[in-house]
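Listed below are the structures to be examined.
Two complexes are shown next, each including chain A; its partner changes from chain B in the first to chain C in the second.
Here is the complex of A and B:
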């Protein structure tokens, strides 16, 4: 669905590249997470893939369209949800969606159903200018679903939302994933990426450090640990034991045979820990 | 076409919820109404006379050569006409006598002038307390009406440009241009849709203005073509200002800078001697004034209108070439 080869981009039209020769491919139906801290090149890459930024150097194919000669009708297949909500404040929620609906040449979803999906149906006829930040964000999000896109670009879809609404958004993305929609997810929220993505790419300083599935990354870079809460001399103690280190395994066996165990569970490395391990940088 | 209409309909919907846009849409008509109210005062320099039906037609023809003459059905209608805001004198013929009926607040010399005209019809001469001489200085209509109308019509197109500025600023403020750029509407259709109101409002406003100002007998074909040509330049300037401003006050302030060449061109054309007009040839608003002025006087020819439109379009093309990159960049 997306093929990127040796993509470079400079905002100053010189050698100061914001994106430095990155390459990747995304298959149809895949949810691909593009992870990195602010200024890593995520938005630049998404900008090029969505045609908001010009393709300067490299080859990019999106939904079957060569981005060197992109055509407007490609946007009938694509949906883009922006990080910053961008709606017409003087129009109501339903008027916003109905305006964009008229711009598509393909079958579109009933705007009221989309508003129901994110709980905005009760304020459908209120001006978007009176909405809270979260409501505007939800309106921006569902607008990107109007044309039932085959390829869906989501830029920080849950940033700034309260946990309940963020969960609602995640469930919608999961539903679209189940329906076969390809998703390009740009985020610095590793938990969401872990939950939603088939594969993730770690990008930092305009360069992709690695691409793999969250599971493979955890297996490759995460240390397998067992965390045990047990009682020693009437005192509650928590210990971590490596499942690879023989000394740790012996200690764990001793506790299992002789100790008073209250809780015991395995602990995987998080994507965030792996990101820091791979890139040497945090995500904020 | 559907997408083009969607953009226009969105702008209209949004515009009707913005007082500044509503005001700009009707500003030309409001100014025309104000001008209309002022015109009778200025028309005092012309003499208006009303007769009753059945009055000697030779007498009416004689007075008509010196004044604007109206005929009403009876004395009651004549009295009603005199009581209106403008200065009109009524003449009733009673036997061999003329009875002049006036409201009482007319400019003094008018009554004396009318007496003089009526007596000259009878071959009599009278001693007037003022010197009365008749000459034709070429004014067929009030200068305020003509010059004010020309200025207003050209400004109507600037108001159209301002509408575009405000609509684009709204897009910039809410960053909705990004959403438009990832939708399947071509940039050309979007620009045409955004520009449509910049043509429509000036056309409606200027036709409304000429009707309010009493220029109903003009050639509307010439008039509409001229207004569309003038609107082009205002729209291009409107786009160039709208796409680089993120808030309406600074955008309107920038648009006000356009007033300078507009006013300089029009007042230059009004007050400069013909031999100095060449210094205004660079301004499309000069050519616009030249066309509109002639159209309002019913003196314009198609050749003059088309040549002026060609010059305006040529100059607009140069302005567009200069601003093209700025507009394209701002729309990204």
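Here is the complex of A and C:
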């Protein structure tokens, strides 16, 4: 669905590249997370993929369109949800969606149904300018679903939202994923990436450091340990057992068979820990 | 075309709920009210002469012979009285009539602000007015008018062409730039750019909004000032072609900048240069060749022709086509530029 080869971009048209020769591919139906801190090159890459920034150097194909010679009808196939809400404040929520709906040449979704999806149907006829930040964000989000996109660009889709609404958004993305939509997710929220993505790319200073599935990364970078909270002689004890060491495995078996276990979990690394381990930098 | 219409309808909704539309209409109404109730149909051009007749003058002088529709003459008993009166009325001209060596002569007493050409005009005026009043004066001056059918508009109407050019031709430069920068600031351009529409849809819609505003505001003023005695079909042609040109020029200038503050200098400079053409309009003696190359020159003179009873229709039609043609060329280049810069 997306092929990027040796992509470079400079805002100053010189050797100061914001994106430095990155390459990756995204298959149809895949949810691909593009993870990195602010200024890493995430938005620049998404800007080029969505045609908002010119393609200066490298080859990019999006939804079957060569971005060197892109055509406007490409946008019938893609949807873009922006990090910053960008709706017409002087139009109502429904007017905003009705306007964009008419710009597509393909079958579109009923705007009112989209508003219902994110709980904005009751304020459908209110001016977007009167909305809270979260409401505007939800309106921006559902606008990107109007044309039932095959390829969906989501830029920080849950940033600034309260947990309940963020969960609502995540469930919508999961539903679209189940329907076969390809998703390009730009975020610095590792938990969301972990939950949604088939594969993630770590980008820092315009360079991709690593691409893999969250599972493989956890297996590769996580410690192979089990942490067990159990009770011995009426006292709570926490023990760590290696999953590789034979002696530790035997002890673990004994506790499972004879002991009183309160909690037991594998000590797998979080994506955030892996990111820091790989890049040497945090995400904020 | 459906997408263009959809975009235009959206822009109309945004415009009439926005400030710019009401500022434009409000300015037009204020201008109309000032022209109708403050500015007279024709400005008072009466010239006041303060005269002191010296004792040396041997022939009698009767100032009442000079009083006319355009002249007021007041006589003083001394030179000092005359000078004192002149300091009170700065638009008046003083004349000291006397006889030197048996010959009638006069001395002009001026305020000090008069230029050489103005002095020459005053001199000619005095000689025309006063000498003819002197016994024995024979007027041998003949006047020949080259333009036999020349018409003169009222002073109030004469201001209209400049207002119309400023309103439909050049205010658009600022307003259209403000619209584009506002869309950029709110990020809605980016949302629009990821839909299957062309950049020209966006640009033409903005030009259409400006044209609509231009037609509404110029109709308010023109109907109020000149009624229905002009050809409104030609009026619409002129307003639309000049407005489209001004808006396209505004878009082109806008395409070189990323915010209103940076664009302001270039926009101001453009309007400043364009307004030079009004000098030739109000002062026909100042009419250098280079002035005629400013777009505002044919704009002002086309509106002037429109207001004249026997205006030159060919000149107006020619300019309508000229400005639509120029707009098309400018637009093609502007569209190319915005394809690269609109969302960057």
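To be clear about the criterion, the second predicted complex is superposed on the first by the 252 of 284 C-alpha atoms of A that agree within 3 Å, B and C clash if a C-alpha of one lies under 4 Å from a C-alpha of the other, contacts with A are read in each partner's own complex, and residues count from 1 in each chain.
Note that a residue touches a chain if its C-beta (ideal position, glycine included) is under 8 Å from a C-beta of that chain, and two chains touch if they have at least 3 such contacts.
Nothing here was measured: the structure is a model prediction, and the numbers come from that model.
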Combined model on chain A where chain B meets chain C, clash or fit: clash
First, second, both or neither for A:95, with chain B first and chain C second: both
First (chain B), second (chain C), both or neither touched by A:138: neither
Which of chain B and chain C A:76 touches, first, second, both or neither: both
Touched partner set for A:42, first chain B, second chain C, both or neither: neither
Partner chain in contact with A:105 - chain B first, chain C second, else both or neither: both
Touched partner set for A:50, first chain B, second chain C, both or neither: both
Clash-bearing segment of chain C, relative to chain B, as chosen among 19-27, 55-63, 73-81 or 109-117: 19-27
Where chain A meets both chain C and chain B, residue numbers: 50-52, 72-76, 78, 80, 82, 84, 86-91, 95, 99-100, 102-105, 140, 143
Touching residues on chain C, where the partner in the complex is chain A: 2-3, 6-7, 10, 13-14, 17-18, 186-188, 190-198, 340, 343-344
Chain B residues within the chain A interface of the complex: 2-3, 6, 9-10, 13-14, 17-18, 170, 174-176, 178-186, 332
Interface residues, chain A side, partner chain B - complex: 50-52, 72-76, 78, 80, 82, 84, 86-91, 95, 99-100, 102-105, 127, 140, 143
Contacting residues of chain A [partner chain C, same complex]: 50-54, 72-76, 78-80, 82, 84-91, 95, 99-100, 102-105, 140, 143
